[in-house]
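In the two complexes below, subunit A is the common chain; its partner is subunit B in one and subunit C in the other.
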Partner chain A sequence: MPGSVSMTKTPARIETHSRPSTPVVRPIPQADSGQYPLIDAIKRGETPEPMRHESVQSVGQILDIRNFELWYGATKALHGITMPIAAGKVTALIGPSGCGKSTLLRSVNRLNDLIDGVRTSGTIALDGKDVYARNVDVITLRKRLGMVFQKPNPFPMSIFENVVYALRIAGERRKSLLQEACEKALRQAALWDEVKDRLKASAMGLSGGQQQRLCIARAIVSEPQVLLLDEPCSALDPIATLRIEELIIEIGRRYTVLIVTHNMQQAARVSDFTAFMYLGRLVEYGRTADIFQLPRLRETEDYVTGRFG
Partner chain B sequence: MLRWACRLSGLVIAAMLAALILVLANSALPAIRKFGAGFITSSEWRVNEIERPLRGPDGKVVMGEDGVVMEILPPAFGALPVIYGTAATSLIALVVAVPLSLGAALFLVRVAPRLRIAGPVSFLVEFLAAIPSLAFGVWGLFVLAPMFQNSVAPLLRRILEPVPGLHWLFFEKITVAGRIIERPIPLNGRDLLTGSLILAVMILPIITSVSRDVLRSVPRIQIEGTLALGATWWQSCVAMLRYARSGLLGAVLLGLARAAGETMAVTMVIGNNNQISASPFAPAQTMASLLANEFGEATDGMHRAALLYVALILLVMSLAFNVVARKLVVGRPSHAVH
Partner chain C sequence: MSLSFKESRRRTASAFMYALCAASTLAIVTVLLMVAGYLAWIGASSLSWNLLTTVPTGDVANPGGMRHAIDGTIVLVLLAAMLGVPLGVLAGIYLSEYPEEARLTGPLRFIADVLTGVPSIVVGILGYELLVVPVSRLTENSISFSGFAGAGALAFIMIPIVARTTEEMLRLVPRSYREGSLALGATRSQTIFRVVLPGAFGGITTGIVLAMGRIAGETAPLLFTALGSRLLTHDPRQPFPSLTLQIYTYATGPYPEQRRLAWAGMLVLLALLFVLNLAVRIVAARQARGRLH
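Entry: the complex of A and B
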């Protein structure tokens, strides 16, 4: 049951609250009805100061995003994003399509570098060091970060080789060490029992959900400082999604996780902190419980309850 | 109405291929009947009857009562030398062309777009594919062969000949008057190696352009997946090649099919000698160059049939390469709209 999952992180009330069929009747707001001052300002092209709860400042940070901006050619995709990411917690990025949440996530491990015409300003500090500093080696940086994509992307090799890929390309050859790391990562990804007898089989033969858990195992095998999840369940069926969500909660106890999601319930279930983004700006950022139950902005409240966005 | 026209066009093409095979097989029938499968394992190629002194086991001419006893060798045809020539030239061409082509394809997919020269370079590659083979042949004959004759081959000889175990590269054993003697191979630039290199140049464009398309279709998420795990540029390229491996094998087979069937350029530089020699510096012959050389003067029925038998083998082989390559590149047939 999903109930058992949500119980571990957030009170059950959220689920009733976030259901679209809430009895509270409110008129559908118009674009410039004045109900959403922040959103209206954003639509006018401004970058208003977001609602950042005190709770996000007080915790130990591993990632510190400061005044980060990004352009795709002439198009500005991220505007003055300033948000600290808590160490050892799960932070969710939510917002409508095209709000820049994936772009922000891919900025952390500099995967956006691959796209032509990308420019950035501001800083993203990992452990106090700006990842965009001139002397940063991108390869080394990416080895310290794990990433899981929207669609499972197992490599066309065996399950074992998939899991230990990061170690292999780092030059690790010791068989016993690789086997140990493989088992550990697969156990942490809750996949060990299903695949332990066929580690030599091709990873392409796994189901979609298993493939995505394999990708998680692959991403955590070298014990990254931050795990970046880019809508990891968007290509999965509900049951596989549930398993991944349980896994994210489990992994969130060991790793710092930054997750992009379209699914509000998912953010509510798996994360400790939630950031609501809109058109490349941060709108509200606070504890997940606060964002979903006591949002300070009308915009956020209506977005998380499905009335807007 | 149009649908029928389309069906008819499709049928015409299939019928043409069938007719080609049937006519070839029918004309080659006398040779097929006479030599059967032994045709491809025999290395004799004697167009005319030869009369020569009979030699005993000691190599001495056998003397009879009326003087020298003569033996008469009837015409014989075997395709082994040309099959060997085709296989060897194609293989050497692949060894040279495949790494270059894959490098060029990777360049076109991973580097050129950033430098904004993918368009022009792609155009050049496709242009290279459209150059008539005669042009390559002329270049091979007047540029490559003299270069080999005057500088490359002598240089290689000076370097490699003293190396123990490489003696065979530059010497051949022949039977003269019943005795086996060894003599240096004349390095005149028209040999198996030159033919292979011309072939390499000619198959480079097709392997490059097919590999480029295959590599371009590798999902972006695969490449990003490796990079996100800290792969270097080169490691991500290796992963890309691995992902596309069956398509790349198809590209190589398409190149092989072209190399095996290529005629004009090879005929001009290979030296046209119907013999198997271990050395790549010896003149050789491919199936296609044999046909180009001899078909015009093949008046004798069996000679003609034997040449057509060779042509049939070549056709079936190329067809097989193409079918397998297509399977690998395109994958399983998708369900198109009917």
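Entry: the complex of A and C
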């Protein structure tokens, strides 16, 4: 993986975060040793009730995922996911590769619809309306959600046209309005000062980190209700990663953000809530501070400290 | 001992393979250069300003120039492209961008591949039956050979080539472009025309220009459709001249002056194709530079 640099686990940081005085002395538990009852149940194919902290229920929700399941053909990728997403907060999805966090993220804006043989059950309600309801227009739905992908994917056009793409496809032609929106989005994405003199230049000429900030500007230009970030730093170097993280914290004050990340320090730094997923199931979900410092499950504790997973 | 023996055997084998590949390449390049050189040698002696500016005189001893044929080829290729490019590109988009219709696109792709290999004389006959005979009946004209019929036959050759190149080039456009656009609430056609197609622009242009080069060199499809003409005309409703047809006529005729002219014509045709290919290279290089950024 080209982006492995940013995903390197740095135990030192974790320890300052949680318990500096506890060195790793416990032997690494083996599977089915009885230490991880929830994980063991999941490995047996069950869908145990996850540890959902009360704190996640007490806030205003913008997204409500209820008993959501998803199949790729005959393979079931998501099992009975039930989790409310807090409005105006940053929620991080963490878990080992293949645990379904990206799948869950892509279910919110129904990007999984593009894949052959995908079926779903359960509901994902955005502002109280199920996005999988029959009468939902997917195009309209996606206009209400912004998304940023793993690899920066600027379109082969100018920086300006990239940013205002969402407005262009909505039929907006007024030059002054487009310019205003472009500047606002670029400022929010902390990119304006670097590109203001070359808005007409190709977006392909930007560095990877700049491209990713451009993609964030493009995603927020139409002021989406929820911003979906799918491992937005996994293809970036550490410095670019840091800038994006600062940006996510900044943007999180204005927007609801749902972010998938491989990097637990990143989740700890940028999010208000964290959900730990494993093999398509939700395991534990609560305030980020609680998940990292006072997790209620040993599974979660060992995962966030890098001893398991 | 045995190790160094193996080592030296490996080196010999490697050197042998290298020599074989180099010799094959050299043989091909030599033949190509001989053809081009011979053509230039014979053709250049008849190359003149008159060749490019005057039309046939009818006098076999002093046959005039080929202005009419040069213009004819350019007009025919442009007409064929006007029909073939939009149809070919749209068909390529259909093949690449609508995978859920695989039951239809699979056979279509096969047909396109077969059409690319159809002998050009077959296309000529087909053009005669479909574009010349019916028009003759309709207009009650005894001969309805026309530039339009010729361009139609050339377009028939061009369409499958353009469709398949377009498809291949669109497939090279990363999936992340499409997902990025769709995630912003773009419709599928907005995604195709605003993001995917511009992303493949260089490759598709290259394919189109190569296809134009291919049809510029065709003779057989024009034999029964455009027919050829000795007059300078830009009216595609009339029988229409082309370089290839004029070369064919002169080269198979009995008059030495006309044969000399045929050689010169070939040189002009090659020069046209060379310019076209050079244009492709420039476009492709620009595209490559664009990717680097």
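Please note the rule applied: the second predicted complex is superposed on the first by the 287 of 309 C-alpha atoms of A that agree within 3 Å, B and C clash if a C-alpha of one lies under 4 Å from a C-alpha of the other, contacts with A are read in each partner's own complex, and residues count from 1 in each chain.
FYI, a residue touches a chain if its C-beta (ideal position, glycine included) is under 8 Å from a C-beta of that chain, and two chains touch if they have at least 3 such contacts.
This one's a predicted model, so the numbers in the text were calculated from it and none came from an experiment.
A.B. asks: Assess the superposed three-chain arrangement around subunit A: do subunit B and subunit C clash, or do they fit?
C.D. replies: clash
A.B. asks: State whether A:Ile39 touches subunit B only (first), subunit C only (second), both chains, or neither.
C.D. replies: After superposition on chain A, A:Ile39 lies in contact with neither partner.
A.B. asks: Should A:Ala166 be classified as contacting the first partner (subunit B), the second (subunit C), both, or neither?
C.D. replies: It touches subunit B and subunit C both.
A.B. asks: Does the superposition put A:Ala77 against subunit B (first), subunit C (second), both, or neither?
C.D. replies: Neither partner.
A.B. asks: Where does A:Pro156 make contact in the superposed view: on subunit B (first), on subunit C (second), on both, or on neither?
C.D. replies: Both partners, subunit B and subunit C.
A.B. asks: What is the contact status of A:Val90 with respect to subunit B (first) and subunit C (second): first, second, both, or neither?
C.D. replies: Neither partner.
A.B. asks: Which partner chains sit in contact with A:Val108 here, subunit B, subunit C, both or neither? Use first/second/both/neither.
C.D. replies: neither
A.B. asks: Go through the superposed model and pick first if A:Met51 touches only subunit B, second if only subunit C, both, or neither.
C.D. replies: In the superposed model, A:Met51 contacts neither subunit B nor subunit C.
A.B. asks: Quick check on the output: what are the common subunit A residues between the subunit B footprint and the subunit C footprint?
C.D. replies: 109, 111, 114, 116, 139-140, 142-143, 145-147, 149, 151, 153, 155-157, 165-166, 169-170, 215, 218-219, 222, 228
A.B. asks: Hey, which residues of subunit B end up touching subunit A in the complex?
C.D. replies: Checking each residue of subunit B against subunit A gives 113-114, 219, 221-222, 224-232, 235, 239, 242-243, 245.
A.B. asks: Which positions of subunit A touch subunit C when the two form their complex?
C.D. replies: Where subunit A meets subunit C, its residues are 109, 111, 114, 116, 139-147, 149, 151, 153, 155-157, 165-166, 168-170, 202, 204-205, 215, 218-219, 222, 228.
A.B. asks: Please name which positions on subunit C make contact with subunit A in the complex.
C.D. replies: Going by the criterion above, the answer is residues 99-100, 174, 176-187, 190, 194-195, 198-199, 201, 290-291, 293.
A.B. asks: Given the complex with subunit B, which residues does subunit A contribute to the contact?
C.D. replies: Against subunit B, the touching part of subunit A is residues 109, 111, 114, 116, 139-140, 142-143, 145-147, 149-151, 153, 155-157, 165-166, 169-170, 215, 218-219, 222, 228.
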